[in-house]
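Shared between the two complexes below is subunit A, which has subunit B as its partner in the first and subunit C in the second.
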Partner chain A sequence: MGKILNQRTVIAVLVIFALVFPLIYADNRYVLHVMTIGFIFAISVYGMNLIAGFTGQLSLAHAGFFAIGAYTLGILTTRNEMNFWLALLLAVLLTSAAGLVLGLIALRTKEHFFAIYTLIVGYLIYLLIDKWDGLTGGVRGLIGIPIPDPIGPLTFESATSMYYLVLAFLLLSIFISVRIVRSLTGRTYIAIRNSEELAQTLGINTRINKLVSFVISVAYAGLAGALYASLTRFIGPDVASTNMVFNFLMYLIVGGIGTLSGPLVGTMLFIWLEQFLRSYQEYHLLIFGPILVLMVIFFPTGIVGGFYKIKAKLQHKKLPKESKYFNPVPEKSTEK
Partner chain B sequence: MLKLTDVTVRFGAFEALTKVNIEVKEGELVVLLGANGAGKSTIFNAISGLYKPAAGEIEFIGKRVNGYSPDRMVKEGTSQCPEGKKLFPDMTVQQNLMMGGFVHRRHKDQLKTSLEEVYELFPILREKKEHAAGSLSGGQQQMVAIGRALMARPKLIMMDEPSIGLAPLIVEQMFSIIRKINESGTTVLLAEQNANAALKIADRGYVIENGSVVLQGSSKELFHNDAIRQAYIGA
Partner chain C sequence: MELFLQQVFNGLTLGSVYTLVAIGLTLVFGILHIPNFAHGALYLIGGYVTLVVMQSTGVHYFIAILASILVVAALGVLMERLVFNPLRNSPPIHDKIAAIGLVLFFEALVQLIWGTEYQRMITPFDNNISIAGVSMTSQRILVIVVAVVTVFLLTLFLKKTMIGASIMAMAQNREGAFLVGINANAVAMMTFAISGALAALAASLASPINLVFPAMGHLVILKAFVVVIIGGMGSIPGAIVAGLLLGMTESMGATYISNDYKDMIAFLLLIVIMTVRPKGLFAKGVY
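For the complex of A and B:
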């Protein structure tokens, strides 16, 4: 019980912090903007975590789907002058539909073949955006993407209002992730991650479950992409670049792949690190590279996973030997 | 209940099973004996749908089930307790057990009774239900594996070398529990290298060598067969 209270307290403190943050930095657009971008990327990384971290299928097409979401919103709101909210919904739906089709094919491959296949899919999406001038504006990109339309008295003109809007979507995304992972569906995904054959022999249709997990993960990417387009007001083909997907992967691995708070921790850490190391430009990879390598070797489940492991050791709990993952808070709902 | 007729399984050019004929009647406890690499697990995997036979027929409760997917086979009433325990190490004991009841996930009451039955069979698992499965001892992990297979409420349970790597005393307990499972009405197909212990509880047995059935008979017959005594019992 103490543990749960403890965890609740941490979450409450974080949420309150996030809520009052704009009050502290009310006149610092830059800080708010960086935070908001971080939240958007975190939403995307939560999606990646669901398929790669919990279901065990490393999808490297994630930036591609992020871009589909971004461009769908961008094109619909600029060319078609569609209402922002409708465009946002369509962006998520269209990205999911693309995920469904590409996932049906991609999930016929396994393990590293799946990673390679999705990497190629991601690259093809990049090429498509880059070359299809007529639709996407090609290398010039799309400019003049509008901010969200007001909802009644709520407008989204200030950095603060965008911050709160994105925060709301982030909290929703995290909430959905938690609900999925702590449910039987989540354990089904974890079972598939552990061993697909074993999962099958327990009666799990692994194909459908992987596909659903993939589509949900892609929907996260689509949502994040659409929000990104509206925040930055300008997008170019590089939102689909492999650079982007490896950034997502880095946030995920360092934060903690297969953990529920890892995506947020990793993303926010790197977003701010990148800001601080900005003056070193390309040299920052010299720092990030080795960090990543050390992380994968010593803390395969990242900062959050490492934290839980150390905590469990201090409490003299036995950890599973065969798995790098560790389920620190078994939900109580199994016996009802 | 289960009938394999001339079942052949190939991995590329390698023929792992050659025209295997096996029959298990309802309520029986049948053992497959054979050394490492004989083909016991392959037989199980062919039945459970993980491997597709290149030739031959598999019949389960009067139905031809060749080519059924593994999840479909579980719905038909088979359940496999795989070799080497193979748990979900990062789930708790109870979560592992509940995964075994996946096909009955919409019948909460039934799951509850199944879980209760498993805990009655293995009281130690109730004590350890919140522990990560990967942190248990070998014997306890085997109990979780068997319990998980039972949660599917199978008509036929297949246990692949449940005694492997366990201390002799635990092996004895394990086999008496397997007997108990069989007596409570579940048909059991067992794969074992420990012929001595297995033949004590089994009704009938098949001896598998290089992917073929080379000998079959009642447990008594097999137990007194000289070749078997030499190869597997060592007396």
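For the complex of A and C:
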């Protein structure tokens, strides 16, 4: 049983499922659309996971960067009629550049100050988008963002093709995340999260490492935002709202902050939960809010972290008690 | 000149509200080291309770405020007991997330119970008074007077009573306070109660001017954070100075720069300040 359920098989099964999924629901645009939105949010949540989960800096400006990505693509493709792929690239680059500037300043602050600072920057981005009528269309938003341009014979007119496009980006994002976390750089981030002073003592340049981690996380948000804009074809200032970043945070916490599969698990779970609770849309936070609080108190590592804890207990390998986060290293060593 | 005086007065009103909210926030931060994002939810509920008590029972505005203060103070204590106390030994990221969960919950709850409409709070203080060409409603004067009295009483309480002294002791040195036998739980509960009471008072005072609606806590809490950071986390005099400063800046900015961008002024101010001094203007170093 344990041998069939090893990590590689699970991942393979999931990927195959994701690939076959549109064939099952080929004529159901709604299901595909929800799935695609879920994937896009998951990309963004992976970004958040890198900076908050692994490097330990809670950035609440994430929705702002998501919006910068979305608006860059939207403005470039509608006003300037730029090619989608070029606009996508520029959106990611511009978001990263904005992240670099903010990171340089914001990362001088620590812990609570950083969270508050980024929360306020995020809100400021929202206000700017809302008020800067000339550039962003203000409250009316941007309408008629085109679908991605075809690459050779590949066109992106159907819901299925968009699904595959976003899936490809999601897999790429997860792959990059995994590579980062399992590399020396990833260990460095975890060291910073566990104790910045200790990391410094070990000779780690925490400033540069935090900055790089922040910029990568912001690039994820920019990519997700740009994809979101071309999928929904309409964006308003709401994409930058604090509720958006709180949603990302909720997906991350419930899925498992500081784990590699947590963002995907949390996002897909909530995206579908929200669909099932659609008739109570305004009130679903009545349940989600307390869930968030309870998760943080009782299962701070989320569903995925909890799963690994139980698994470890069954194998009589206790995780170190003082570590409140899930540590991905022991999991890797059991693979051999 | 009259316009200027009018704006000074408006700034004082705004600043008084910010100060009241920010003092609650800064007290909790100074003692428990929690940036309580859920403070805005306390403010929100404070406004609604006052409104509902007045509407349903027809009692005087002041009695409704008193009821609201009691309810929200109790809510603050509950919050401390049920959420922040169990999290006291967790990594700092966790209580922020829990606070965000609380915000989401309370906002949805308020919408469920009282709906999403903007509501007016009618008080006995809506008559106009004119002094030296500056016209003002007596509600605005009330805001300033109550804020001054409250801050004065609170300072007396913190300086002259045993409970107040133990709160200050814990803010200054946690371990030291434990050593001399101060009950940490009691102090934490007390702090949350005061913080909730101040939020309720501020909301009840500001609502007749600003209307009551489910998102009313958003801007106020963000600006209170601005005030707390400018004033130095945990410092009450800092919160007073910074609160008034922010109120003035906003009121002047709205008149002389742009009304559309007035909310941005506060946040830009903070970004500039934190860029230059990452720990705030008057920070003595976090305790």
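In this section, the second predicted complex is superposed on the first by the 322 of 336 C-alpha atoms of A that agree within 3 Å, B and C clash if a C-alpha of one lies under 4 Å from a C-alpha of the other, contacts with A are read in each partner's own complex, and residues count from 1 in each chain.
Assume a residue touches a chain if its C-beta (ideal position, glycine included) is under 8 Å from a C-beta of that chain, and two chains touch if they have at least 3 such contacts.
Everything quoted here is computed from the prediction, not taken from an experiment.
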Would subunit B and subunit C fit next to each other on subunit A once aligned, or clash?
fit
From the CA centre of subunit A, what is the angle out to the CA centres of subunit B and subunit C, nearest 10°?
80
After lining up the shared chain so the two structures overlap, which partner does A:L286 touch, if you call subunit B first and subunit C second: first, second, both or neither?
second
Would you check which partner chain A:A115 touches, where first means subunit B only, second means subunit C only, and both and neither mean what they say?
second
Once the two complexes are aligned on chain A, which partner has more residues of subunit A within touching range, subunit B or subunit C?
C
If you stack the two complexes on chain A, which partner ends up touching A:F246: first (subunit B), second (subunit C), both, or neither?
second
According to the stated criteria, A:E81 is in contact with first (subunit B), second (subunit C), both, or neither; which is it?
neither
Based on the superposed arrangement, let me know which partner A:T201 touches: subunit B (first), subunit C (second), both, or neither?
first
Give one of first, second, both or neither to describe whether A:L184 is in contact with subunit B, with subunit C, with both, or with none.
first
Quick check: superposed on A, how many Å separate the nearest Cα atoms of subunit B and subunit C?
8
Footprint overlap on subunit A, where subunit B in one structure and subunit C in the other make contact
325
Touching residues on subunit A, where the partner in the complex is subunit B:
184, 187-188, 190-191, 194-195, 197-198, 200-206, 317-323, 325-327, 330, 334-336
For subunit A, which residues count as touching subunit C in their complex?
52, 56, 58, 105, 108-113, 115-117, 119-121, 123-124, 127-128, 131, 242, 246, 249-250, 253, 257, 282-286, 288-293, 296-297, 300, 324-325
As the complex stands, subunit B meets subunit A at residues 48-50, 69-71, 74-75, 79-80, 82, 86, 88-92, 94-95, 98-100, 102-103, 105, 108, 112, 115, 129-135, 148, 152
In the complex with subunit A, residue positions of subunit C that touch it:
29, 33, 35, 37, 83, 86-87, 90-98, 100-109, 111-112, 116, 218, 222, 225-226, 229, 233, 260-261, 263-264, 267-268, 270-271, 274-275, 278-280
